[in-house]
Amino acid sequence: MNNTIAMKRFEIVVGIEKLEELVEILDNSGVRGYSLLKNVGGLGSRGVRDPDDVLMEEENIMVVLACKGDQAQKVVDGLRPALKSFGGMCLISDCLWLEGPPISY
Amino acid sequence: MATLQPVVLFFVFGVLAGVIKSDLKIPEALYKSLSLFLLIAIGFKGGVAMSKYEIMEVLPIATAMVVLSALIPLTAYPILRFIGKFTQADSGAISAHYGSVSAVTFAVGVAFLAAKDEYSEGYMVLIMALMEIPALVTGTILARAGASGGETKWGKLMHEILTGTSLYLLVAGVIIGYYAGMVKMVEPLDKMFMDLFMGVLAFFLLEMGLLAASRLKAVMAKGVFLISFGILFPMMAGLFGAYLGWIFGLSEGGTMLLAVLYASCSYIAAPAAMRIAVPDADPAISIGASLGVTFPFNIFLGVPIYWEMSHWFHTIPV
Amino acid sequence: MATLQPVVLFFVFGVLAGVIKSDLKIPEALYKSLSLFLLIAIGFKGGVAMSKYEIMEVLPIATAMVVLSALIPLTAYPILRFIGKFTQADSGAISAHYGSVSAVTFAVGVAFLAAKDEYSEGYMVLIMALMEIPALVTGTILARAGASGGETKWGKLMHEILTGTSLYLLVAGVIIGYYAGMVKMVEPLDKMFMDLFMGVLAFFLLEMGLLAASRLKAVMAKGVFLISFGILFPMMAGLFGAYLGWIFGLSEGGTMLLAVLYASCSYIAAPAAMRIAVPDADPAISIGASLGVTFPFNIFLGVPIYWEMSHWFHTIPV
Amino acid sequence: MNNTIAMKRFEIVVGIEKLEELVEILDNSGVRGYSLLKNVGGLGSRGVRDPDDVLMEEENIMVVLACKGDQAQKVVDGLRPALKSFGGMCLISDCLWLEGPPISY
Amino acid sequence: MATLQPVVLFFVFGVLAGVIKSDLKIPEALYKSLSLFLLIAIGFKGGVAMSKYEIMEVLPIATAMVVLSALIPLTAYPILRFIGKFTQADSGAISAHYGSVSAVTFAVGVAFLAAKDEYSEGYMVLIMALMEIPALVTGTILARAGASGGETKWGKLMHEILTGTSLYLLVAGVIIGYYAGMVKMVEPLDKMFMDLFMGVLAFFLLEMGLLAASRLKAVMAKGVFLISFGILFPMMAGLFGAYLGWIFGLSEGGTMLLAVLYASCSYIAAPAAMRIAVPDADPAISIGASLGVTFPFNIFLGVPIYWEMSHWFHTIPV
Amino acid sequence: MNNTIAMKRFEIVVGIEKLEELVEILDNSGVRGYSLLKNVGGLGSRGVRDPDDVLMEEENIMVVLACKGDQAQKVVDGLRPALKSFGGMCLISDCLWLEGPPISY
């Protein structure tokens, strides 16, 4: 497609208690843009997690992040050691960035 | 027999709504707002009452009662570990819950006394606020002692305990109430924090009922032991509390409130602290026992029983 | 003419905010919290009032008034179907809305009487709570009778009606209020559920105004018939209610409240029930008519008119 | 990319009233992990749906799910018959799971 | 010295919670609900008070005070631009904030007077509501005058100012309160909007403290100038307000409230308006100064100082 | 995979103040289905944006949209001129629509 840049898309889900750590890793990897969704629930190795539970803090967050290939490698290198303690998941896929908005990747 | 307070019926209708799968739901923001209100209001009320004492006079006795509350988890632990056959982590975590307190149970006790027009010492609130500290620390030590594996994050735990919303707001409420009492400016604030107390408690109990209903299954799964423990242990702890209150010369009302504090167990502050200190404990067990068994027992039967205990001690000729 | 109550001005400012596209917004959690409050408070108030009767005495007359309310959807249906040319599903669903009741309209009626210091029978609240049942069942039968296609999910519908938040909380409020009245412990709860009633209603009406404004377009699109129906039908139903109230020997206040109940129509419980029972009906039409036309008509003009009707019947020499 | 596993990513959007049914189907298909977002709005064959509408219940939910290919086929088989009554949508795409977190797929 | 009001201690505990990183959080829906309440309640109270005047009598003097408030941003701008070295956009935006008002600071002033049982003119509320208009318009002109680049969206800005939640609810509250006062039906609404005012303010100040704490870093980064400005400018503006109040013959209480209005600065309405009118200004600077410096200064020291100023003017023999 | 249609997936993140404009563009491009997530935060060229900030309105929204290739081109044509003033981002990727639900693309 015209006017598009090939990129990598990350989709990361972790418990909200890891958010600060995750953002720090992304910052250190030189990431300049990401989107953050809170109040995510789900099922995983720790069983069902429900962000609406008022007694147990079980909220997940989701980070969606688009960046170029070389940057993606840095993110992978930064994230991998932490993923074990984070739990959750990290998916990577290909996507196209439609040119237009100020560059934030 | 004491008359059942209308306010606890809200708990019943909360449970019932859960059981019949009504679509009744309390918005999360309302639940959180109400709990902020209750904590501040309980603190404020106690602070105003305390402004009538010399603080220095009551401090030693209050400290003693707080420190002695560390005995509760120490007693609970072996029962859970060796009779209940729970893991070390779970036993420690549950102990911490039962050593800690429930502000709402306390509030029901206060309402009980108010309906009877009975006096109680204002500084009981301060004791409640502080009782979380020894319980959570002792519970954590029990869960961790001799256990290999991850270091206990003591720094993080103490930060959580000392700055956690419940302790923080109770203490803030006490200080503001104390100050308002001293400068005689309680007046316009009491319209909110005293007059509406019972109504807010009603709403809160409705939600507690819903929450308790949602936990029932988890408790049932753990069977007879947990249910017996959730009823018998608080009675034992309550008896100990009533005895202490009487020994320390509290009024009948104050003695009963101390029994309530010793008997009640936490389902808000303790789970938050245990998640940090003992992450390998299963919160479903401790919250289930606390909220599904002990809380309803305490507000329906416990409170009148502790009142009888207090009364009984006070009839002993000295 | 009766003086316009200040509280209904909140509705006006809600509508106006919507019309001039103000950024005023009521948080969803507040809206839900206020409606929980109103339902409990209306029930509680009625329950306290009922604690002064022998329940068995009023039960037959109350039952009669509830059962007779099934006539409302039966009358509305042919008008909607054959004059309004709505589909069978829509006609049935709208009928169910108009047969059912609006607790807020009722509350405005109660406030109207309170401003006049007029007595009314406490058990009107119980009638309100129960009037939903025949209306929703009848409306569903009308929407479905003889229609091919999907089975009606009667089980699901009855569960929704009987355990739905509005019926459940009204009944819970009545029972708790009744009990509190009996044991003479209304006192600290009334600070919340009675004293704040009008203030909460004010907030709620502000939001209702915003909601009504957002529905206006949908109603306008349906043209003259729906607007006329939304005004004339409630007046007819109100007249019938006033007649019944008088026949059954209610007080002037009670007669007016029965007229209000017969005239008012639902925009909370009925849409929820109809979504399950008649999913092929378009909720925009029924909610638009109910909230955009009938509700404002009732609170501004209907309530004083039903009062005059009641008064008029009560001047008939017997 | 190193340390990644090729996977299928599902993105399912349905009305919240179907959530229970959907979760049951996923459970029965042997799914061991998914993420759940509530309060989703949108446009579709039933017109605009706004989760903030307090009078009409029109909330959608979104489920994001990563699993291996064989598992994906089971999900498809389980979902397809139900999709008609669910409405909404179900998208499938390729992605890479970055190894590290406990296995929950 | 005047006694510190207990209610402002809630602000202190809010700041402290932020500083020690307590997990205390006020749900967003509660924050928004409380601010709706405060706006309506302030308006309602003022409206009820105004119902005792002939409106036409006070209108000219009120208008004069509103119009003169346009001098505040005109004075602030050169100080910010030429001494503070801020950009034209930032200088204009900050000027708009300081020319505008803070309803909560006003509320603390009202509470201060209530504790002293001091009279003040009810129409001060209307002045507060209207003072936003000249300030935001003047600030925008200053930010834009002679600047190339994007057109100012005057239409959008005026819509935002005139229909923005704060102005809208204040005016709605005034009108409803005025009407309620005229028809003598203030009664059941005052239980909510007057009796609970201080309690709601307490909660709100707790949240304001949390917010202020979260802004402290941004202010510190801007250094000494912004902090000095945030303290000295309001004192100057307050002095001017007190002078005007005295000149216009207000009571001592009214004079003090006018000083509070002139001294206070906005952190809710102004940021929203400036985002539209001057999007290239950095909101962190203006909100930081307003909420992190001027607001706490005003509620702790400013209010008693403005009271002294008013008192001082009123001792001048005429 | 069987019973699937190859499609394009758009993932658009912009500030909530642009939502109305965005929906208009999508409508004009003939889009018949999208999903909308509110309360999104993130990092981008305008720095960190936090939807929970009660003083500054900084909420982002995310739109997820599946459509066929030709329709996708129309969306791209409609969006591109506006993207500059929108900021945020627009990602495009390939996906499969699992047949079953009523057609809303």
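Letters A, B, C, D, E and F mark the chains as written, and numbering starts fresh at 1 in each.
The rule we apply is simple: contacts are C-beta pairs under 8 Å (C-beta built on N, C-alpha and C of every residue); 3 or more make two chains touch, one makes a residue touch a chain.
Only a predicted model underlies this, so the values are computations on that prediction, with no experimental measurement involved.
**Student:** Please identify the chain with the largest separation between its CA centroid and the CA centroid of subunit B.
**Tutor:** F
**Student:** Hey, which chain ends up farthest from subunit A, C-alpha centres compared?
**Tutor:** It is C.
**Student:** Between subunit B and subunit F, what is the separation of their C-alpha centroids in Å?
**Tutor:** So the centre of subunit B lies 49 Å away from the centre of subunit F.
**Student:** Counting only Cα atoms for the centres, state how far subunit B is from subunit C in Å.
**Tutor:** Roughly 41 Å, centre to centre.
**Student:** Using mean CA coordinates as chain centres, what's the gap between subunit A and subunit F in Å?
**Tutor:** 18
**Student:** Check each residue of subunit A and list the ones that touch at least two other chains.
**Tutor:** 37, 39, 93
**Student:** Two or more other chains in contact with one residue: find those residues in subunit E.
**Tutor:** 27-29, 32, 196, 272
**Student:** Every touching chain pair, please?
**Tutor:** Touching chain pairs, listed by label, come out as A-B, A-D, A-F, B-C, B-E, C-D, C-E, D-F, E-F.
**Student:** Over in the complex, which subunit A residues touch subunit D? Could you list them?
**Tutor:** So the residues of subunit A in touch with subunit D come to 11, 13, 37, 39-45, 60, 62, 73, 76, 79-84, 86-93.
**Student:** For subunit A, which residues are in contact with subunit B within the complex?
**Tutor:** 52, 54-57
**Student:** Would you mind writing out the residues of subunit E in touch with subunit B in their complex?
**Tutor:** Residue list for subunit E touching subunit B: 3-7, 9-10, 13, 17, 20-30, 111, 114-115, 195-200, 202-203.
**Student:** If you look only at subunit C, which of its residues touch subunit D in the complex?
**Tutor:** 28, 31-32, 211, 267-268, 271-272, 275, 283, 287, 291
**Student:** If we count contacts the way the header does, which residues on subunit D are in touch with subunit A in the complex?
**Tutor:** Residues 1-4, 7, 9, 31-39, 64, 66, 93-105.
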